[in-house]
Each structure stands twice: as C-alpha cells, then as structure tokens.
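In the two complexes that follow, chain A is the common piece, with chain B as its partner first and chain C second.
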Partner chain A sequence: MDLIFLTELAINGALTGLLYSLFAIGLVLIYKASSVPNLAQGGLTMLAAYVVLALARDVGMPLWVAIPLAALLMFGLGFGIERVALRRLAGRPVIMILMMTLGLDIFLRGATLAIWGGTSRSVELGVGYDPLLLGDIFISRIHLVGAAVAIALFGAFLVFFRSRTGIKLRAIADDYMASWSVGISVERGVGLSWALASVVAVAAGVIWGEIQGVDQALSLLLLKGLTVAVLGGLDSILGAIIAGIILGIVENVGAEFLDPLVGGGSRELIVAAVLILTVMIRPHGLFGRHDIERV
Partner chain B sequence: MFYRLSGVHHADYVSDSRIYKVPADRNLAVFILVIGLAAPFIIPSLYLNSYILPWLIWSAAALGLNLVTGWAGQLHLGYAAVMAVGAYSAIHAARFGVPWEFALIIGGLASSVIGSLFAFAALRVKGLYLALTTLAMQFVMDWVLTHSPAITGGSHASLQSPTLALLGQPITSDAGYYYVAFGWCLMVTIFMLNLKRSALGRALVAVREKDYAAAILGVNSFYYKILAFATSSFIAGVSGALLVAAFFFLAAPEQFSVAVSIQVLAMVIVGGLGSIIGTYFGVALILLVPGIVNGIFATTSANLGLQVDVETLAHMPNAVYGALIVIILLIEPLGLGKLYGNIRDYLMIWPFDQFRK
Partner chain C sequence: MSIQEKSEALPILSMNSVEVLYDNVMLAIKGVSIQVPRGDMVALLGSNGAGKSTTLKAISGLLKAERGRVSRGEIRFDGTDITEMLAQKRVEMGICHVIEGRRVFEHLTPDENLTAAAPMSMSRSALNAEKEKIYTYFPRLAERRNSAAGYLSGGEQQMLAIGRALVTQPRLLMLDEPSLGLAPFLVEEIFGIISQINRQEGMSVLLVEQNALAALEIVSEGYLIENGRVVMHGTAEALKANSDIQEFYLGGGEGTDFHNVKHYSRRKRWLS
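Then we have the complex of A and B:
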C-alpha cells in the first residue's frame, strides 16, 4: 500500500470524521449544560433534514431561505422539547432520562416518516459531485464543505461561549446549584442548549442528507456521534472536533485493512471497538472533566 | 368483604415474609393463574397465538432484564444480543439432535457466558457509560451475527427452527405452544417473586442503592453484579430460544437488533423498575398498543373517507410507540407498576380510607 493512497484515506477519513463531529456537537452542547445524554440527536437530525426539504420542495422556497427558517423552527422545537419532556425529569435517575431521549428519538423518527414518507431524497445543495484533485489525492467536495461547516460552527461556539449568554451556559455546566444561587436561570440555559443542539442538527441534517440522501438512515449516525462525543469527553466541543478527526481516520484506514480480512462492513465494528475501549480505558475521554463516577 | 386488610395480622417473621401478605392478592393471583390455564379454551386461537403468546414470552424476557436493571441497577442496552446468543445456540443444538429440554438449557448457559462479558463492563463503569458500553457491545454482536454464515447463514438469511418437542412430545398445536410459553413465564415469575424476599435479591438491591455501602455490609458487589448479569442472561437466552421455537419459527439477525434491545428496555421502564406486575403491563403496552392504535386509526380514517398514505400507516406504530414512552415517563416516571400499586393501595382500605387521614 503506497503512501499516497494512505494519505488519501486519512484525509477523507478526517473530513468524514469532522462530519461526525458536526453531529456530536449537538450531543456535547446538551451534555455540557445539563448532563443529559441526548440520544434523540439522531431523530432531531433526521427531522431537521426533512423540514428543510419540506420548506424547499413543498413550499418552494430557495434553499438559502429554507435552511435558516428550518433552523429557526428547530430552535423553537428544541426549547419545546426541553420544556415539555426533560424539565419534568430533572433530578431523576439517569436511566429514566436516557429512556426519555430514546422515546423522543423513536417518536421523532416515526412521526417524521409518517408525515413525509421514507423514500430517500437528496437536498441538492448544488455542490458538485466531481472530486477535487489535490496532487494525486481525490477529495470529495461535499465532505470538504461539511468539514468547513463543522469548523465554522466550532468557531462560532468558541465566540458564543465568550458572550454573556455563553458564560451563563458555562456557569450552568460548571455547577448548576451555584449558578442558580447567583440568579442565572438554569431552566432557560438548559432550554437554550437544547435549542442550539437542534440548530446544529439542521447543519448536520443538510450535509449528511446531501451525502447519503434524506431518509431514515440519518438517525443511524447516533452510534458514531456518541463515540465521537465520548472519545472527545462528553462536555468538550474541542474534544468533539478532535475526536471526530481521530475516529474518521481510524475508521477509514482501519476499514481498508480490515475489510478484506473479515469480508466487508468492518466500519461499525471499529466504531464500536473505539467506544468500548474509550469507556474502559479513559471514560472521561480526551478533554472531558475527570469527575466520572467509576466503580 | 370490602375491607381486604381485615384479619391480616403478621405476628411472626415467617408470615411477614410470605409472597402474598394479603389474601386478596393471593386470590387475585390464583384467579389469573386459572384464567391462564383455561385460556386456550376461552380465547380464540388467533388472539392466543398472535397476541397472548408473544406477550408471555416477552414478559419473561423483560423480567430477566428487570432483574439486572431494576434490581441490580445496572443499565443494559444489549439485552437483545444476549437473547440472540441463546436463540441461536438452542436452535443449533436442536438441529444437531439434542433434545429440546437440553437445547433450551444449552441456550441459556451460552447466553449466561456471553452475558457475563457484559458484566465486566459493569465492573468498571456505571450509569450512562455502562449504557453506552452495552450499546456498543450490542452493535458488535449484531455485526458478528450478520457476518458469520456459520451461525446465522449471513445477513439476509434465516435459520429454520426444528419442531419443538418437550418430554418426547412434539408440540405442534396452538394450545401446546401457548402452554410452553405460559409455563416458562410462570417459572420466571415465581423465581422473581421469590427473589424479592431472598438473600440474593436483597444483596442485589443493596448493590443498586450504593455499592460502597453494600461493600461495607459485606456484600461483594462484583460477585453479585456478575451473578445478576449471568442470571438475567440465562432468562434472556431461554426466552429468546422459545421466541424462535414457538413464535417466529425462523431465526434471523434482525429479530435481535439494537431496536429490540431498546424495546425491551422500554418495556421494563414503562412497566416500572423492580416491579413484576408492572413488567407485564409494560410489555402489553409496548408490544400491543401501537398495533391497536394503528388499527383504530386505519379504520376510522377509512370510515371517514380520508385517504391515508400507506407510508403514514406503516410508520404510525413507531410514532405511537415513542409517544407512549414519553407520555408514561411524564405521567409516572416509576411506571405502570407504580400506577397499579397506587390503585391497589387505595382499594385495599377502600371504604374506610377517610379514617386514615
């Protein structure tokens, strides 16, 4: 195996990995603010993609109107989900919160498909399908765009967390009791984190919808997103970006070597192995806080 | 007799540790048992085999998960994978010529061995991280099942189950299948009822509440966690094997996918953690209600003359199933078992309840 091929695998893997980060940022935002593992992010991503399509196709808006409008709608939905479903469960054992987000995920997926049907559609962003040539290396344009979006979102959150609202969110993440006592509205902060995660879901839904078509396979990103989030350390956005790149490279290069040995489809296995190893060896991930309850 | 606590006085520890402390509860259980035994003669076989039978087998499986999640407090998102191990081991054993009685036990033991692997994750982390690890293990198991033709015949293949035969009697009638499921469910239920009042059950609860405190009391939490995983996996394995032998008749990897794991967990949580009767309600709700709602929706829309998309009808049950989980968790996070308990406690002292206040 020559070096150029390996580089190509690594670069494309890293780009795909950044797209996983795009998904994982949604998980991290919510976990950071409320320590809730958001297993509904797959359903949210899928719904977001369908909403964009519904606005673009059925209403007939141009995409540059449809996407911000969808982001606005999802922002409201995120607030709503937190208000209706999650706030009532605050302080309950993690298993009930986990089940609640799983139930939300199932509901969002079922409802989305019941409304819009399951046939795969594409977003048609207008990004060319011909690969970009960088020397001898082929790079997919849409992956590049998606990676750029992920980096841009990361930058935006970096700025956001320095703003007044962002500092409040950080305070809530740090210690919600203390935040409460100094007059920060913890409920609003947690609701905001859900709303922001839903907006991130729009970005992830559009990019992934363009890559693999808008259908229910979008919700299958959950395992990869979770792995990225855990590897990066559930409450670190920088961690999510770096872990995404690492997972993408490991997955892409590893699959190339493993696939001939086991007869294909080893990507899932690699991702699951990374998740298990992370939890076993370093549960707080690369950049997470160390206060994880160990046995 | 309205006042059902009348004449119930526990004067010694033996009477206080009975399974049914109140005669009314015992009478109700006996009544349900009689109905269960007579069911093939009073319920049409269509309903018996397409609703009651899967309900009983899934209840047994969900009770197994309740043992590890409700009693021992360990999150488990890979339960379907453990069921798959039992199902495939038992069917391969039966196809090899092993009598079904032993094939079922082989399936259960094989599940126990694999299920104990999940326990090693539980020895290291707990809570959310344990859930994620078991979820990853479920994906690994899915992958192994779809990629090993020697076990499953490959991703789109299915494995025919040989005819079920117990004690030398081949079982082919609807009533026969029902009694097998009923018998297994009864065994698991009696085991769980007794678990509550045995040293094992108390040790598991101690581990659930606080493992440090349990260790101080002399309860070896590692040992009991592995024991809980192994026992629940045995129940899972036999239930999985019976599910294939008496209900699906074919084993396919999709029957034990991650969605099924989530479904069993939903049954347990909707039913109520650590509640036996709740588990039955939870299984009934998750297994049967989405289909019923969909049927009602289809007939009403047909009667009203509305054109409903085929896809809408196809995905409706999933939306209802998700909504059920959300709604039950919002109404009563402790599950249907707690709701039943509230009603029971109210009726227990019913005509005289005003005196308690």
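Then we have the complex of A and C:
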C-alpha cells in the first residue's frame, strides 16, 4: 500500500472525524452546563435538518434564509425543552434526566416520521460532488466545508466559555445547589445550553443531511457522536475536536485493513471498540475534567 | 421617632413561627421565630439535626431544591415578605447563603468562582474592584486565584465560599458551619475576617455553628435550637454565662452527671 493512498485515507478520515466532532459539540455543550449526557442530540440533529428542508422546500425560502431561521427556531425549541421536560427534573437523579432525553429522541424520530414520512430527501446545498484534488489526493468538498464549520464553532465556544455567561454555565455543571445559593439561574442556564446545542444541531443536520440524505437515520449519528464526546472527555470542546479527528482516522484507515479480513462492516466494530476501551481505560476521556479528590 | 430611626429599628430579618415540611410529610422545624437586627451578628446554635440548616434554607429559598417548603409562618427581609419568593430573587434583594460543606465550584479557578457569582448587572470594572476587595480580605486566595478551586485547602475553600457570597453584595450574609473540619487557628482567622466585614460594611450576619465557643466570641446575640424549636435566646454574654449552654455546648460546667442531664431535659421541655 503506498503512502499517498494512506495519506488520503487519513486526511479524509480526519475530515469525516471533524464532522463527528461537529455533532459531538452539541453533546459537550449540554454536558458542560448541566452534567447530563443528552441522548436526544441525534433526534435534534435530524429534526433540525427537517426544519431546514421544510423552510427551503415546502415554504420555498432560499437556503441562506432557511438555515439561520431554522437555527433561530431550534434555539427557541432548546429553551422550550428545558421548560417543559427538564425543569421539573432538576435536582433529581441523573438517570431520570437521561431517560427523559432518550424519550425525547424517540419522540422526535416518531414525530418527523409522522409529519414528513420516511423517504430520504436531500438538502442540495450546492457544494458540488466532484472531489478537490490536492496534489494526488482526492478530498470531498462537503467534508471540507463541514470540517471548517466544526472548527469555527469550536473557536466560538472556546470564547463563549470564558465569558461571564459561559463561566456561569460551567459553575452550574459543577454544583447546582451552590449555583442557586449565589443567585445563578440554573434553569435558565440549562435552557441556554440546550438552545445552543440545538443550534449546533442545525449545523450538523445540514452537513450530514447533505452527505447521507435527510431521514430518520440521521439520528443514529448519536452513536458516533457519543463515542467522540466520551473519548474527548464529555465536557471538553477541544477534546471533542481532537477525539473526532482520532476516531475518523482510526476508523477510515483501520477499516481499509480490516474490511478485507472480516468481509466488511468493520467500521462499526472500530467505533464500538474505541467507545468500550475509552470507558475501560480512561473514563474521563482525553481532556475531561477529573473528579477532584484532595488527599 | 423619625422615619430614619424607625427603619433602623426594623430588623433586617424577621422570621415568625416558621414551620418547614420536607416532602409534604417530615416536619423539620416547628415554629421558629428569630430576628436579626440591622448590622448585627447573630448565631444559631444547636446540635446536629436540630434544624439550624433548615432555618437558613427557609430564609434563602434553597428549601425548594430539596423538596421542602415553608408550611406555616412568614419570613420578612427588610420589611418585605419573602416567604414564597424564588431563591434567585432573594439573592438579588441581598440575602446570600454560604451553604454547608464549602461547595466551591471545584473545576473553576477562584477567580472564575467569583465571576460566576457576580450578577450580570454588575459592570466588568465593578466586578474587578469587588474581586480586589475580596482578595484583600483573603490574601491567601489572591495567591492561588488561577488554580482549580478543588485543589485549595479546606480553609481556603471556606474563604472562597465566603468571598463568592460577598460578590453578590449581600446585606444579610448567612453562614452554615463555616468552621466545619478546620483547624482552630483557621477558624479564628475566618471568624476574625467575618467580624471585620461586619464592622466595615455594616453587613448583617446570621451564623450557624456547632462550635458555640467560637461563635459566641464574635456575635452579639444567639438562639439555641433543639428539635426544630428555639429553646433559648439571649445576648452572647448571657448565653456564655448560662450553665446549660456551658455544659452542653461549651464543654465546661460542673461535670455531666445524670442528674444534670435530666434537669436539662426538663428545662428544655419547659422552654419549648
């Protein structure tokens, strides 16, 4: 196997990985502000893609209007989810909140199926399918665009979490009770994190919808997104980016070697192995916060 | 009496026969009435589980987070009825509760801990000035302002928890067991700073303590709570001189033979 082919595999793997990161950033946002893993992020991403399509196809808006408008709607929806579904659960065991997010995910899948049907639709971003040639290496344009969006969001949230509002969100994740005691509105903070994660879902939904079509299968991105988030450390946005790149490369290069041996399907195996090994060997991931224990 | 004098006579906090229910069944305090005069320091003394922390949570509104509620009585802050008010609103009004067990934001630095507590209405320069003021009160914190708060020592964490409360600009500062698990010299240092803040800023303080000896040194009056009821109230001097208090809370008195214990229980029943 020659080096150029390997490089091509690695680069395209890294780009795909950054698209996983794009998805995982939504998970990290909510975890960072409420210490809850959001199992509905897949459903939100799928819904966001449907909303963009509904605005663009059914209402007839141009995409550059439909996407920001969808982001605005999803932002509101994020606050709505906190108000309706999560507020009454604040302070309850995490497992109940986890089940609630799982229920939300199933609900969103069912609702989109009922409203828009199960036929896959395409976003038609107009990015172009002919690959970019970098020397001898082929690179997919849409992957490049998605990776750029992921990096841009990474930068934006890096700044956000150093702002006063961002610091308050991190405080909420650390200790609900202490946050209440100094007058931080935990409810509004959690709502804001869901709203921001829903906006991230629009970005992920549009890019992934363009790549694999918009249907219920989009919500299954959760599995890879969760793997990336866990490997990165669940509450680290930098971790999500780096873990995405690592997972993408391992998956792409590994599958190339393993697929001939096992007769295909090794991608899923590799992802599962990464998730299981992370939890076994390094439960707080590459960059996750440790539980601080003083001696 | 002029209006000015009248408002000065009005206690900053008054709690009238307050009853607290947890989960709608468990009665945690049974008609507690206490008052904190403006600018004064008051101690709530009593043993474990007597209802001291519950009393503070009823005042700060944190009861709700633990599925508790005030089922009878009323709480007034600066004349306003706050019995049903949201915790966040009470902080805005000027009540800040330093909860038991320090509970700093462990993964944030001390500097970020202070930022997190600052109301959004506070300007950046006001926040910086406030931080500098807190660092002058607690110079130990200034040295470690940029390392994770979870790695601070117990004393430093307690100082940070108090500093974090000060950022909210309270008029009534409530401290729940600030001496818990700290070395005596640290307790002395922290209590010294609390009374300094009380003198310099005229901030009223309600202090919950098991360490009655240390508490009675700095407060002007105290309440003794037993079994969810106030069983004694008096000036710090009177409480220090009281033989029951000496025996059970200050570790002094004339020995603890069975006769005295019975005498005390009888007194307690009679008082409540």
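Just so it is clear, the second predicted complex is superposed on the first by the 290 of 295 C-alpha atoms of A that agree within 3 Å, B and C clash if a C-alpha of one lies under 4 Å from a C-alpha of the other, contacts with A are read in each partner's own complex, and residues count from 1 in each chain.
As a working rule, contacts are C-beta pairs under 8 Å (C-beta built on N, C-alpha and C of every residue); 3 or more make two chains touch, one makes a residue touch a chain.
These numbers were taken from a predicted model, which means no experiment stands behind them.
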item: Combined model on chain A where chain B meets chain C, clash or fit; value: fit
item: Partner chain in contact with A:Pro131 - chain B first, chain C second, else both or neither; value: neither
item: Partner chain in contact with A:Pro68 - chain B first, chain C second, else both or neither; value: neither
item: First, second, both or neither for A:Asp105, with chain B first and chain C second; value: first
item: Touching partner for A:Gly80 - first (chain B), second (chain C), both, neither; value: neither
item: Partner chain(s) touched by A:Gly213 [first = chain B, second = chain C, both, neither]; value: neither
item: Contacts of A:Val94 with chain B and chain C, given as first, second, both or neither; value: first
item: Partner touching more residues of chain A, whether chain B or chain C; value: B
item: First, second, both or neither for A:Gly183, with chain B first and chain C second; value: second
item: Angle at the Cα centre of chain A, taken between the Cα centres of chain B and chain C once the superposition is applied, in steps of 10 degrees; value: 80
item: Minimum C-alpha separation between chain B and chain C after superposing on chain A, in Å; value: 11
item: Residues of chain A that lie at the interface with chain B and also at the interface with chain C; value: 292, 294
item: Complex contact set, residues of chain A against chain B; value: 37, 84-85, 88-89, 92, 94-96, 98-100, 102-111, 113-115, 117-119, 223, 226-227, 230, 262-263, 265, 268-269, 271-273, 275-276, 279-280, 283, 292-295
item: Complex contacts: residues of chain C adjacent to chain A; value: 60, 62, 65-66, 87-88, 90-92, 96-99, 103-108, 112-113, 115-120, 148, 150-151, 153, 164-165, 167-168
item: Chain C-facing residues of chain A, complex; value: 90-91, 164-165, 167-168, 170-171, 173-185, 289, 292, 294
item: Parts of chain B lying in touch with chain A, wherever the complex brings them together; value: 69, 75, 121-129, 131-133, 135-137, 139-140, 142-143, 146-147, 211, 221, 262, 265-266, 269, 273, 309, 311-312, 314-326, 329-330, 333
